[in-house]
Amino acid sequence: MAGSATKPSKAKKAAPAASAEECHHWLRQMMLIRHFEEKAGEAYSLGKIGGFCHLYIGQEAVGVGCIASLRPDDYITCSYREHGHALARGMSARSVMAELFGKATGCSGGKGGSMHLFDAERGFLGGHGIVGGHIPLTAGTAFAAKYRGTDQVSACFFGEAAVNIGAFHEALNMASLWKLPAIFVCENNGYGMGTALARASAIMDISHRAYSYAMDTEAVDGQDVLAVKAAMDRAVARARTDSMPTLLEMRTYRYVGHSMSDAAHGTYRTKEEVETFRQRDPIKVLAEYMKAGGMIDNAGIAAMDEEVVAEVADALQFAEESPDPPPEALTRDVYAEPR
Amino acid sequence: MATKIVMEALSPTMEEGRLVEWKKQEGEPVATGDVIAEVETDKAVMELVARADGTLLKHVVAAGTTVPVSQLVGVIGEPGEDVSSLLAGSANGKAKAEAPAPPAVAAAPAPAASVATPKPVLAPTAAAPGGRIKASPLARKIARDRGLDLGAIRGSGPEGRIIQRDVEGAAVQSPEPAGPGGPAFRDVPLSQIRKTIAKRLAQSIGPIPTFYLTSEIDMERTWDARETLVAGKDRSPDEPRISYNDIILKAVALSLRQHPDCNAWWQDDRIRYWNEVHLSMAVAVEDGLITPVIRLADRKSLREIAREARELAGRARERRLTPAEYTGGTFSVSNLGMFDIDQFTAVINPPEAGILAVGGITPKPVVVDGATAIRRRMRVTLSCDHRVIDGATGAQFLRTLKGMLENPLTMVY
Amino acid sequence: MPTLTYRDALNEALLEEMQRDPDVFLMGEEVGEYDGAYKVSRGLLKQFGPKRVVDTPIAELGFAGIGVGAAMVGLRPVIEMMTWNFALLAIDQIVNSAAKMRYMSGGQIGCPIVFRGPGGSALQLGAQHSQAFESWYAHVPGLKVIAPATPADAKGLLKSAIRDDDPVVFIEGEMLYNLKGEVPEGEHLTPIGVADVKREGGDVTLVCHSKSVTIALKAADQLAEAGIQAEVVDLRTIRPLDTDTVLRSVGKTHRCVVVEEGWPFAGVGAQVVDVLQRDAFDELDAPVVRVTGADVPMPYNKALEKAAKADPAQVVAAAKRVLYLE
């Protein structure tokens, strides 16, 4: 089983250059996501959050690095493991945590929940609950941008298990056929729920799937936010200037279970494997890089940590104290209000 | 080999019988001679017995259905035996009874009322063996609105379900909704014996087989009572002057309440016994006669009856009565006393079953307590529809009426 | 009033709406170069070019999802399903994406999209190509479901559907494309959610939609010969269901037969019956009877196929049954 997850070492190494300011921003975002997810997991076990809850711990560099490349008017569509992307997009920890708590102040008014975070103003077009079902939506938002002649880019985030479903193939084929400005970001964390990639896919290099559609592709070290950002920059440029789609395979790992009802390790992967990947924790990778470059010191990291702890504590309190949606919300938003 | 069970002629004059109750259920074993059903004939309730051994495979007609003699009502055979051929033969003639065939649609091209509403079908009711009445929701609503008793209505729908056309027909002549005292009337399906009587008598005498009962009533006390009422010093000028006729109307109404058998309508296939008394009062008008109705007369005071009778008679002469005011009576009174008529017979005003002909009040010598005395006497003659009222029934009513008029105080309590 | 076929009425609706609103585009298999599998989109490619009349690969799920994505950011896609049988492949996008987007986003993201194409059976197309799916989609809150029966309604309702801000499932009658009828000139919009009394009568109500309207009207003719006046209520929109019109009619006739092309179990008629038993309970003089397609996959054999389809004779028999004239 140890060999099931794709080794990060295989991935293309980038030699990016990023400013200290950018790195600070990304480090803080990753630390915020990490802490947010840990507290969300805690709130889940306390019964504050219900239903399904898929945490992003371990994959932070992908969401943060990719979204850093996007413009505010670009479109983002995600799978159900999207808390990190929402925060990286600039949605407040308050609105996301309140949504997890099902409160009226949540980003979807408490009617979406963990899997359906939306923020129309930020072009954050939802977490979606059917594996792969949202990939055509991204082709659709890209189609709309091209139709209207804007240079907006559409990014889609999904796990590697989604590449085996028809929607992936249909969407990528049409995106390439019609030259749509879309970026398909596959977050390959090695497991589709409990099924290792090798047990689900006939080929191990997800990026190779793009060859079927004559689409540009890259396999990227998903634990290195700078590499992620650099690859995404290339894809965004291709989309924005050439209106061409890209498939990015981000090789990453989740340190926690598939969802809250799944142990971090046990039946389908070993503790040792999880520990091995923890050695390349994306937060540690960036922090080391910054320290080596003199961009930050331990005190700076501690101060940043303090900040995100306070921000998440505030979000939790806000979520806790927010009201439930009013009863009349039940039947609202099924259809448009009459014009 | 399956054996048919047919409606047998269980009396010499029986032409049809009502299957009152199945004594054997489908699937039950039966032996020759076992009682399998009860049948009401024109004379009595009789037993229908099995003519073969085996299993009762099918009830071809439901309990409560009236079936002509020799019609298939059930099948005895071996369990699982195919009896469809036997049943097929009977499909058309099934349960003819008094249920009218559904309207022959092809023969009724009338565009306006395109689905002809058949006449109400009464008698055996829609009550299921458990006593539950099957009626469509619409039929129930109509019945509720019009105060009809579903138990008295025969349903023409599947399995005797009472449907709109059944209650619509039943309600046509209903004068007004149920009064405060509950349903306005009670429909009683015709029993076989009632039907036979009706048929025979009608054949003998005409559409309404009428007979007459005459009684002479001593009016002394009524006379005195009326004198007192009329002379009453307290009477305001606009109050009506009580007439003998008013008192008679009141007495008739009260008597009818005690004898609902005479307060009834003949309705061809049933008799409607009214729980309310609506008195038709014959009024002579210029070129004939009209009968305005005093509604709920049994619940009205003498003063109210007097005022209403005066008012109705007045407008009758002016021809200003509305149809609702001269229809819907349950019994009629015709008084020719003012024309010095001693005694006469009146013609029944259908569907009412009785009319009382009232003669004049005349002093005459009668024997009282063994001595001859001059008393004010009045003769009344009750015309009875014999299909509804039998001699004894009418006589009892007259006796009550006589008692009241001879001792008017009895009207008070 | 000009007479048009159902097909051309739909074509006019598309043409007019695409002229009116540049955000409207048509996407589907064979809609462009081929001029439409059923020629509903005839001439539109020539008129509007490939940007707005988009031929797709055979990938219903994919292009349905692309349509939903485009609608989420404000375009007004018309997604043609070559037939609704193929839309089963896209039902995830119609149900999980389009229908729920507004709700699960807390009202932020709408989905003004029309999925349209022929439904129901044609002639001897066999089990996989002869199905009526109205009740499937009508089950889903968030969708509107329309199934017009006449050229005028087809045009007026398609125009309304394209302008509607919610996802609309627009099921055309495959056997109705050649049906001719008068279509009002000029701007002709038919409101969504309003049934239409196609024939008045006082004795029995025949509730129907799409092709079953034709069946019910034929049955009504036959009933009239027998002196029975049937009222034919064309639902036109299945969801939202115009219960008022149905209740008004049954309140008058007290008897109802529901006719539909689809299968009996949990069909459109079942919903109508539910409404009647609850809201017209006291008006009913007989149980409501349904006439549906047979509860089997559609057979190929011509005689068997005929037996599997609802027809006027069944409707006449059902009407007589609720009138207790059997």
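Letters A, B and C name the chains as they come in the text, with residue numbers starting at 1 for each one.
The rule we apply is simple: contacts are C-beta pairs under 8 Å (C-beta built on N, C-alpha and C of every residue); 3 or more make two chains touch, one makes a residue touch a chain.
Note that this is a predicted model, so its numbers are computed, not measured.
Chemist: Going by the contact definition above, tell me which chain pair has the most C-beta pairs touching.
Modeler: A-C
Chemist: Kindly work out which chain lies most centrally, taking the average of its C-alpha atoms as its position.
Modeler: C
Chemist: Work out the mean Cα position per chain and let me know which chain is farthest from subunit B.
Modeler: Chain A.
Chemist: Report the inter-chain centroid distance for subunit A and subunit C in whole angstrom, where each centroid is the mean of the CA atoms.
Modeler: That pair's centroid distance is 41 Å.
Chemist: What is the distance, in whole Å, between the centres of subunit B and subunit C, each centre taken as the mean of its C-alpha atoms?
Modeler: Each chain's C-alpha centroid was found; their separation is 56 Å.
Chemist: Using mean C-alpha positions as chain centres, tell me how far subunit A is from subunit B in Å, no decimals.
Modeler: 86
Chemist: Looking at the complex, which residues from subunit C come into contact with subunit A?
Modeler: For subunit C paired with subunit A, touching residues are 25, 51, 54, 56-57, 59, 61-75, 89, 92-93, 96-97, 101-110, 112, 141-142, 144, 164-166.
Chemist: Please give the residue numbers of subunit C that touch subunit B in the complex, ascending.
Modeler: 202-203, 226-229, 254, 281-286, 320, 323-326
Chemist: For subunit A, which residues are in contact with subunit C within the complex?
Modeler: Residues 75, 77, 106-112, 116, 118-120, 125-126, 128-130, 133-145, 147-148, 154, 166-167, 169-171, 173-174, 177-178, 332-336, 339 of subunit A touch subunit C in their complex.
Chemist: Spell out the part of subunit B that touches subunit C in their complex, as residue ranges.
Modeler: 102-103, 105-106, 108-111, 114-116, 136-141, 156-158, 163-165
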